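Structure first, commentary second.
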Amino acid sequence: MADRLVKFEQYRHRMNSRIDDIDHLGIKRFFNLDTKAYERGALSPKTKELLGLVASMVLRCNDCIDYHILQCVDAGWTDEELYEAFNVALVVGGSIVIPHLRHAVESLDLYRSR
Amino acid sequence: MADRLVKFEQYRHRMNSRIDDIDHLGIKRFFNLDTKAYERGALSPKTKELLGLVASMVLRCNDCIDYHILQCVDAGWTDEELYEAFNVALVVGGSIVIPHLRHAVESLDLYRSR
Amino acid sequence: MADRLVKFEQYRHRMNSRIDDIDHLGIKRFFNLDTKAYERGALSPKTKELLGLVASMVLRCNDCIDYHILQCVDAGWTDEELYEAFNVALVVGGSIVIPHLRHAVESLDLYRSR
Amino acid sequence: MADRLVKFEQYRHRMNSRIDDIDHLGIKRFFNLDTKAYERGALSPKTKELLGLVASMVLRCNDCIDYHILQCVDAGWTDEELYEAFNVALVVGGSIVIPHLRHAVESLDLYRSR
Amino acid sequence: MADRLVKFEQYRHRMNSRIDDIDHLGIKRFFNLDTKAYERGALSPKTKELLGLVASMVLRCNDCIDYHILQCVDAGWTDEELYEAFNVALVVGGSIVIPHLRHAVESLDLYRSR
Amino acid sequence: MADRLVKFEQYRHRMNSRIDDIDHLGIKRFFNLDTKAYERGALSPKTKELLGLVASMVLRCNDCIDYHILQCVDAGWTDEELYEAFNVALVVGGSIVIPHLRHAVESLDLYRSR
């Protein structure tokens, strides 16, 4: 398997660039707001990324999970800490989250093995 | 308005006790697992409660929000930190979260004013 | 507390009647399709009501839960069987279902005590 | 019953004002973005409000439904047109939307009878 | 990339035909009701397709998005109008909609380039 | 097309084994609770699998649908009975379930043709 994380990042960058070309002020501002939501404020970016990851898992969005897994690893969360966050998401969201837990664990392993 | 948080806590305790009386092993174990998910592990209980709060907001469950607001305040999160978590939930979940943001802010104010 | 199930049934009948007055063919047909989905076919109405109950719980709709609780009791499901269905819904849907489990247990108790 | 729409509007304005006092830049900008999304652009505000209504119905948020019902009536949509939008939401979202259809029809009736 | 829209349409037609063969009266009627919901009534088919698109986006269903993108283009909506509808869906549904916005923009581009 | 059910089962087993290696007590207990929820109690495993299938369909999770389709077939449900369950899921969950109905029918056909 070619690393699906690489393909996801390429697709994500290509389409975000295409969306930027659309030049819709509301959409541009939403993307900007989204970026800023994870920047340092009363909470650290590290904490915010973990919030984003758990939110993505309970809402069951694999692309969002992948994005936040990468951010969480880069922010310095250890595997053991991420497993704890996965567990919170699993208990809150139930067994319907399990396929996304599989995806998250696989993404984490793929990113760590780079 | 009588404090709706007090009524919620009373209802919550009464019904959890009733559910405990049902004596269904699977349900008992789920409640136990739910409690343990927020106990100290690789992540602190304080961090886990914030994860639970954001998960509750994006899944749009007022009772779950109230429960985690109380836990987050007791765990020592400041208002400014909670507002930051609210913002992450709002950006992830969109304007459909706004009614629950109103509820969360009101619950936080009610609990702080006790 | 006046029996909230009685109030729900009155509201439900009043508004369904109002919706019927609207006389929109698509909406009328949808309501008809909804009714027919629980009638005898390859599965019994009793089984179908249990399916409707679990679907309502994982989708976290209290009014739908109340409707199907009443139907399930009338169809002959025992409390022990309903608790098992509640457990499936809880495990599939996670702790976010807990407030709706409380509601379901209270509704079941209210209806049994009539 | 005192008009629940009036109570909703009062609560909404009171809490939006309280949220404004929080003075969190991200939250302020999100509210601003939300307002602007329904202003005239390539689509008319009238069309956008109908989009907001259907989105609120399929996501099953009564407060959001009430807000957009009022906006849709003020924008000039007739009852017959709104019933059609209700029907699209019902077919897309299924019978789990029915309790929110009841709510929407009641809100529409309440607002028309002012 | 072979046009994924073509593959989706082929799969959709093949499976809808298979579902038709099942010959379940309830399912047949649901599909019929679904078709009729977008036909001319108090609202135009053009308006209804835009409602279906936004509903599909906030519910985060790529196949549904693809179906309605094609219908919306065929109904005469311009790109600028569709971007506005995308923006409403993004603001209502939040950043969790972003992967589906990418999909929608790509689908629109693919269909325009045929 | 190589049988996608086979690939799903292989992926599911590989990742469940990887998750087991993580050795997180909470996650292990959740998986155990999930397994036990479908074992004989006041309801038969056969009935419980049908509940799991309908819950998976209305929550729109293809991997969960595939898992429960296989379990339902193994438990002895006939196609006609499963179509009835599909219909309940379709009516409860609406047209947004249709892509998952296509998936479910295809999975059922694939598994029957082994």
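Order of writing sets the chain letters: A, B, C, D, E and F. Residues in each chain are counted from 1.
One rule holds in what follows: a contact is a pair of C-beta atoms (placed from the backbone, for glycine too) under 8 Å apart; a residue touches a chain by one contact, two chains touch by 3 or more.
Treat the numbers as computed from the prediction; the structure is a model and nothing was measured.
Common neighbours of chain D and chain E, listed by label, are A, B, C, F.
Farthest from chain B in terms of Cα centroid separation is E. Using the mean of the Cα atoms as each chain's centre, the chain most removed from chain C is A.
Summary of the copy comparison: rotating chain B onto chain D for the best CA superposition needs 120 degrees, to the nearest 5.
In terms of C-beta pairs in contact, the better-connected of the chain pairs A-C and A-F is A-F. Per-chain Cα centroids separate chain B from chain E by 36 Å. Measuring from the averaged C-alpha position of chain A to that of chain E gives a distance of 26 Å. Centroids built from CA atoms put chain F at 23 Å from chain C.
Counting partner chains per residue, chain E has residues 26, 30, 33-34, 37, 41, 55-56, 58-59, 64, 83-84, 87, 90-93, 95-96 touching two or more of them.
Contacts between chains leave no pair untouched here, as each chain touches all the others.
In the complex of the two chains, the chain D residues touching chain B come out as 11-12, 15-16, 18-19, 22, 24, 26-27, 30-31, 34, 55-56, 59, 61, 63-64.
Interface of chain F with chain B (complex): residues 26, 29-30, 33, 36-37, 41. Partner chain E is touched in their complex by these residues of chain F: 60, 83-84, 86-87, 90-91, 95-96, 98-99, 101-102, 105-106, 109.
If you check the complex, the residues on chain C that touch chain F are 33-34, 37-38, 41-43, 47-48, 50-52, 54-56, 58-59, 64, 78, 80-81, 83-85, 87-89, 91-93. Considering their complex, residues 58, 90-97 of chain E touch chain B.
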